[in-house]
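First subunit A sits with subunit B, and in the next complex the same chain sits with subunit C.
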Partner chain A sequence: MGKYVGESIIRKDALEKVNGTATYAFDIDNIPNLLIGKFLTSPYAHAHIRSIDISKAEKINGVVAIVTGKDWPVRIGLYAGDRDILAVDKVVWAGQPVVAISAESYEIAEKALEQIQIEYEPLPAIIDPVKAKLSNDILVHEKLGEYEHSPAFNPIPGTNIANHFKLRKGNIEKGFKESDKIIENTFTMPQVAHAYLEPIVAIGHYKRDGKIEIWSSAQSPFTVRYLMGITFAIPTSNVTVHAPYLGGGFGGKAGLNYEPLAVLLSKNSNYRPVKLQLTREENFRSAPIRVGMVAKIKTGVKDNGRIIAEEIEYIWDSGACADYAVNVGRAGGYVSIGPYEIDNIKSDSYTLYTNKPYATAFRGFGHMELHWAIERQRDIIAKNLGMDPIALRKINTLKAGKSYTANQHRLRKDAGNVDECLEKVWNDLKTHFKGKIGDKPWLFRGIGVSCFMKGPAQPPNSASSAYVKFNEDGGIFVSVGTSEMGQGTITSLAQIAAEELSIPIEKVYIKGERDTDRDAYTWQTVGSRSLFMDGNAVRNACIDAKHQIFEIASQVLHTPPYDLVLENESIYPKGEPWKNLNLVDVIMGYMFTSGEAIGGPIMGHGTYIAKMTMLDAETGAGNPAIFETFGSQGVEVEINVLTGEIKIKRLISAFDIGKAINPQLCESQILGGSIMALSLGLNEKLQYDEKGHLLNPNFVDYVLTRADDLPDEFEFFLVENPQLDAPFGARGIGELTMLGVPAAIGNAIANAINVEIYDTPITSERIWYEIKKQRPELLKLKEEFLQED
Partner chain B sequence: MIVNESESLIINVNNIEHKISVKPNETLLDVLRLKLGIKSVKAACWSGDCGICTVLIDGKPMKSCLVLSHEIRNKSIMTVEGLLEDELFQKLQNSFVKNGAIQCGFCTSAFLLVGYYLIKNKRNLDLLSIKKGINGIICRCTGYKQIIDSIYELK
Partner chain C sequence: MNQISHLTLPEFKIVTPSTLREALSILDTNNTRSKLLAGGTDLLVDLRNRTINPNIIIDLKNIPELNELKQKGDIFVIGAAVPIADILKSKEVRKNFHSLYTALNEMCDEILRFRATIGGNLGTASPAADTAGPLLIHRARIIVASKKISREIPIQEFFIGVKQNCLMPNEIITAIHIPISTENEKSVFLKLKRNSEDLALIGVSAINYNSQTKLAFTAVAPIPILVDITAYISGNKRPNEEKFKEIWKLVKNAISPINDLRASREYRLHMTEILTRKALKEVLQK
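And now, the complex of A and B:
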């Protein structure tokens, strides 16, 4: 084994991308009769719509259709139908689309929008999620009780709570009573933007024959197809979704976004197709973002470091809609305590509505936020006990085959090993750490680590499929449903096929763009699930194809199928490679010299379905994920205590991914994900004024990490304890690469200067402010130093 | 009032002369993508902040969303399409492929063009000057390191 699996094969999409020929939804403008769509958004975070006057705009030459919420007042969403296509009656965030136009050109559409008059009656808005939880007079959704939702969720009508997830294990009161110390803290992370570079694009074509065709920058084309059928009350099979290459997604293009509006415009535009492409500012204000989090944690611990009780309240700020983010709150809720075994747990995870842009999935799906809180808390506990933070963790971490998770589920025996990751990271950090260097007493260095875990958050019946089709030349076309948004899964899937069928990787063809009519089904491209789920489906499809091949070959070679081998494009009886048949002579059907033929073109098919359970509504008990990837990250930081300036000197990661199908792709994910996490941890925050207006909807004020800000040193370890039901043992890694970075930075700061940080982003300003509050004497170091001279 | 008078202009893109009619407020980005169908050039902010729309104007990297079309009279524009046969550019492409510098690919053209410019024009190119050289372009996927390594390898 291991001709292709385990090799750094070059990406299947590499050449198209360096040649500039890879096509994105953004690039598609050659559809006949294509119109341009634009929308007008609400300037208020919360207001009744009094009237909409479109009379002037309608008269403009080149305007084809103008639609408002009343034209198709269907509420859309993935797990909960809580979002209007265009606001009906009231607006719930500043940036919400209210009126949309289709026109012959962008200029005409812009001009027409200026002519539309909307009268609003402003309402008090709720911006702070903690206040939203307590409020029953200001409600973002008064009609919450009427909304449809998946049975896995628990919205509370008459409040702003979109979902309340409960986790209960053991006896929390007893746990606290038996604790030697109780430590309580609150940690926060703000809402942030995905900041993928390709903006949201949706081209919708509602056709006269009742069919819908869509081109969308969608991570989940099959989910879009399904939900579009529901939204427009037509059969799923009448909808075709094309998802070309995505210019980044990171969760922000999962679920259903602007496809319904593009299709609605098309429906009202004489069935002409309409392209809706968001500007960057629109993308910030009107497209989905990531939840913010407030976490209150109370931990009971024994003097020996054993954590015996933990009570948590998570508040997830989902903005105005939570159709996808209810599941962020749920996933955050069932993981709650991170990769640890604790006997007494009470955790309540609330997804809250506020009058801000709506949240959706984001790489990590709540886990970066929750591990920020949990892993900071672990270090603070260790400090309180006077214990080494690594030792404290190891006493409490989950152990494969032995421990019971927070969901009272015994961890599988072939699960990953978090301790091994932790040791690798910690040893590396310690070996390289020189402590204080240089002669400037105001520069401090410190190291910090964090641990984490994550599995794919998906419904228990989430499924994948694949088919493998042979061509005359012995090449295969592999069809899968997962989207290519940069993560590189299609390459790993091709490697799995090449390995299983023992054919050269160059002969494996797999497309980066998706077409729901052509391609095999998958639920969604999210949660680091594709390699595992679609990988198993591809492998099964190859096994199926192999059976078909052996069926034919056995008649030619007079050998039973189970005694045949397929290797290097030839088929032979075990032990007798010289009695071989060329694969290419079999795959389109075999013809004997007499001219008689058997078999036919080979096409293998494979599926995979998640093995999970529902979670108990009162306790969260059950099996929430098909695998958990464990990992650890660490950083060395340098802090200038006079200015709060922080430099990341070294960034180390380790993940137990079971098997690296393509080590270079793993490295790319680790580099990209941890720098993204660095950016989020140090810089990123969506800022609002008290009325809910977004203050930084551009790449100048919303600061992203640039090449200049990279850490000096970068290292990673791939730990490979294989999972037996995974394709070649491999677990997902894509999201994991982010989860531990912010907490490791926070812990390293505490290690360097004994100042605790509770909130992100960890800007220099924040560090300086916390130094002033917690250790003001540090600010005088320079004066003292100069006086000494 | 929308300015409507179009003027006609001859521009040289990828060594081919095009006669086009443009409005005074039309950007080079729109001319390339919408008028000439050159889709390797991407955009993500339309206001000079992301660098994704970078092209070479007389050999120098410029953000095409900030350049008005009449400013490029008598200038020569290069995009990825025009460099596909260039030996140095091909080496750089291979270096990107080999080093894993590509993920979603939306930023790739811009980094290739700036990388090409740096290798061709900067002496003593070191990691720091590469970082400075590409600092104007955002990549949300790769974390930049493999892009920097790809350029460094060809210095």
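And now, the complex of A and C:
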């Protein structure tokens, strides 16, 4: 196999992205009569809206429309309708849009916003998700019981709990009773921002004929289309969504965001289109962010290292609206224990409302957070038992054919192999490791690893489709629904088509821009699902096209279709390549010398639908995912114990991805993802004051890893145990590339200086603080430091 | 006031004088309504946030008098509007003022260094101004001019409060004069950052020349602080632990780091001590 599959083909979007001609939603300003949209947000995290006075603003020349929540009081949301397009009666986070304006220019819009007066009655706000869980008096959503929600979720009216997912297996009490040691810890990760390069953009056009056209930086144009139909009570087919290239998404553009507001403004602006383009500060305050996590873990273990019981409580800080966060809580719930097999499990995963910006999907979908907790816990257990952390893991890892989630479901036999990944990473780290003491007595070195698994968190009926259409020159146009946001999937999909149809990759055309009217459908571009789902659809479409080609060719070559071969743009009977027919003579219909013609333009279509089940509400039992990608990551760190400064010397990754369709794209995902995780692990945190105001809505104080902070060495291994129902065996890798990094860093720090870190970001200040608490004697080295050579 | 994240800048007139005389005369007639542009890395942010609202912005980047970069006798002259990227190319700066060179090399990021200037850095008078510490220990003098007179301000008199300096509204910083020492001079600048391209959480500068030892601190007090520790050092040698404790006591009394989202007061104090140790190590002998 593998003329194109397995090759590092140059990205299909490389040229236009390098020369600057690629179009993003941000660039679109050539729609006739386009207006500018801008919104005013709440300064309070929680308050009743007493009054809104727009009288001065509406008199300003050039202001076209001013809308408030009452103009379209439909609650929107992906899995639960808990979000106002504009706040209706009360505001639930500081930064929530309350009034919006359309105007002829930004200058006018900004001037008009200054003239709007809103009177609030501030309410006590709930900022801490742990307190939110216990609070019955401060409720973010008093009307939770009235909200519509998907049956997969379980909100609890009268509380701040947006979803409660339960995983139960075995008998937890019995498990703890039989344990030799019980180890309990709490780990946290804060809310963070996606920090994509292109802020959110939505252009909405509500047309006179009742149709809606949207241009949006959307990861899931088909979901936007579907939800917009519901929001404005029109048929899905009356909505068209264009999703050009995205300047990064990372889950932050996966749901329905500012499209409804742009369309509402357009509806009230005499049907003129309106462009909403968020500034960076607006994007921080008003666009969705990533959940924060608090994880309490209690593990029962035998002296021989076998983990026999684990009780977990995950609290997911979803902010003011649940959006994808309920599903993060659900996915985090069924993967509670990470890539392990444990006989007795009791896990409760709660998604909590708080008065902060609302959380959505984020690359990893809760798995980086939960593996931070689980994989730190694994190393702490090993330390408690005096065991090697690698040996402890190997005793407990989830193997093919063994049960996961609850008892009923077994991991498929052709699943990936986590042990193989772990060994590759650990061997590489160990071989290069030169010892614990660095060049100076206050510099310590350590190595640490982590394991992880993740599959796409999608509904059981999540589907993809594709069509391939031949052109006169023998080239094909491939249509898919998945968005291109930098991940490179369209190139891999083109490779799958080229391979299946045996045509040159240069002749495969695939676009990065999406148009829901013309493109094949896919559910969403999320969860590292596209290569598997859309890849299978593309392959099926090519097989369909090939059948059509053989149907025609068999009449010309007088050979049954099943005896034909398509190779290098020609068709011939098996074993007789000289009896060939040029592909180009068949694809638009074949004409005999007599002028009689058969067939017609070839267009193949293919679909793929997930093979999963619903999960049992009481135990979580069932098949939650079409595949699980397993992996392991490790780092070597150097710690300066006097300052808490940390340097990542080496970062090693291994993933069992079944098959690397394009190794270079895999490499860029691994580099991009692990650097992103490094930044999240070491620097990133949305900081709020006690009233819920975001303190760092900018890139000065929302600290990201910069080029000079990167590790000295990156190394990676692609393990290829193919999955039989995957396109050429390939599983997804996009999100996996970040899951193990923070925990590996935490474990390496413990290995270096015997100091345990429980919270991220692992800043220098945090490391110093923990050294002071756990090993104050190390700070004495400062005296030696002053005098050394 | 409604909180608005502006995409636009407020309306203003921008003038680009080509001589110092012209610039000073425009400033003299408009000084309450104007702002000077010497790089703009702070100015643009303030404009966008509407924290300032000038009628006129006077762009100083094209004034030849403000773009000098040369040695004049035993003084080195750095024009107030010379981009940091150009100063970094000067062999003299690199050779004579090690701490200043380091501070400039670590300021903001590579792209901004093509716009940022020392005049702008000092004029903004941020407590965290990276050039302030090195200029303090190198005994720099700030040359300012107004329509009528020009004067020299010793740098230790320049800063008077958070983002406040002693300039009159009609004055412009034209240049920085730094004496070139004939002695064997050693200086250092150390900066605490959260990533490799951060503003200073702490800046510590140290110098040893002619048997004198001085420290300067930025970002740990409302203004940059100079501490002379010559009395605690003998024979250009590092202090022992006991002496260091006395030096640290002196420093600790001179600074007043704050608690904020960037770092806690406690960590800032600890790191000021560690960086002070490191700075002394580098400028003094064992």
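By our rule, the second predicted complex is superposed on the first by the 771 of 789 C-alpha atoms of A that agree within 3 Å, B and C clash if a C-alpha of one lies under 4 Å from a C-alpha of the other, contacts with A are read in each partner's own complex, and residues count from 1 in each chain.
Please note the rule applied: a residue touches a chain if its C-beta (ideal position, glycine included) is under 8 Å from a C-beta of that chain, and two chains touch if they have at least 3 such contacts.
Treat the numbers as computed from the prediction; the structure is a model and nothing was measured.
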Query raised in the report: Does subunit B (first) or subunit C (second) touch A:18, or do both, or does neither?
Result: first
Requested in this report: Determine, under the contact definition given at the top, whether A:388 touches first (subunit B), second (subunit C), both, or neither.
Outcome: neither
Query - subunit B versus subunit C as contact partner of A:782, first or second or both or neither - result: second
Report task. State whether A:43 touches subunit B only (first), subunit C only (second), both chains, or neither. Result -> second
Query raised in the report: Is A:700 in contact with subunit B, with subunit C, with both, or with neither (first, second, both, neither)?
Result: both
Query raised in the report: Which of the two partners, first being subunit B and second being subunit C, lies in contact with A:642: first, second, both, or neither?
Result: second
Query raised in the report: Where does A:114 make contact in the superposed view: on subunit B (first), on subunit C (second), on both, or on neither?
Result: second
Requested in this report: Look at the residues of subunit A and decide whether subunit B or subunit C touches more of them.
Outcome: B
Report task. Considering only touches as defined above, state whether A:517 meets subunit B (first), subunit C (second), both or neither. Result -> neither
Query raised in the report: In the superposed arrangement, which partner chain does A:769 touch: subunit B (first), subunit C (second), both, or neither?
Result: second
Report summary line: The shared contact residues of subunit A with subunit B and subunit C are 107, 279-280, 700, 704, 706-708
Report summary line: In the complex, subunit A touches subunit C at residues 38, 40-41, 43, 106-107, 110, 113-114, 116, 118, 277, 279-282, 285, 642-643, 683, 687, 695-696, 700-701, 703-709, 763-765, 768-769, 782-783, 785-789
Report task. Going by the contact rule at the top, pick out the subunit A residues touching subunit B in the complex. Result -> 8, 10-11, 13-24, 26-27, 29, 107, 111, 194-199, 245-250, 279-280, 485-488, 664-665, 667-668, 671-676, 698-700, 704, 706-708, 710, 714
Report summary line: subunit C residues touching subunit A in their complex are 1-8, 109, 194-199, 238-241, 244, 261-264, 267, 270-271, 273-274, 277-278, 280-281, 286
Report task. Could you please specify the touching residues of subunit B with respect to subunit A in the complex? Result -> 2, 34, 39-42, 44-47, 49-50, 52, 79-81, 84, 93, 96-98, 100, 102-109, 112, 130-132, 134-135, 137-148
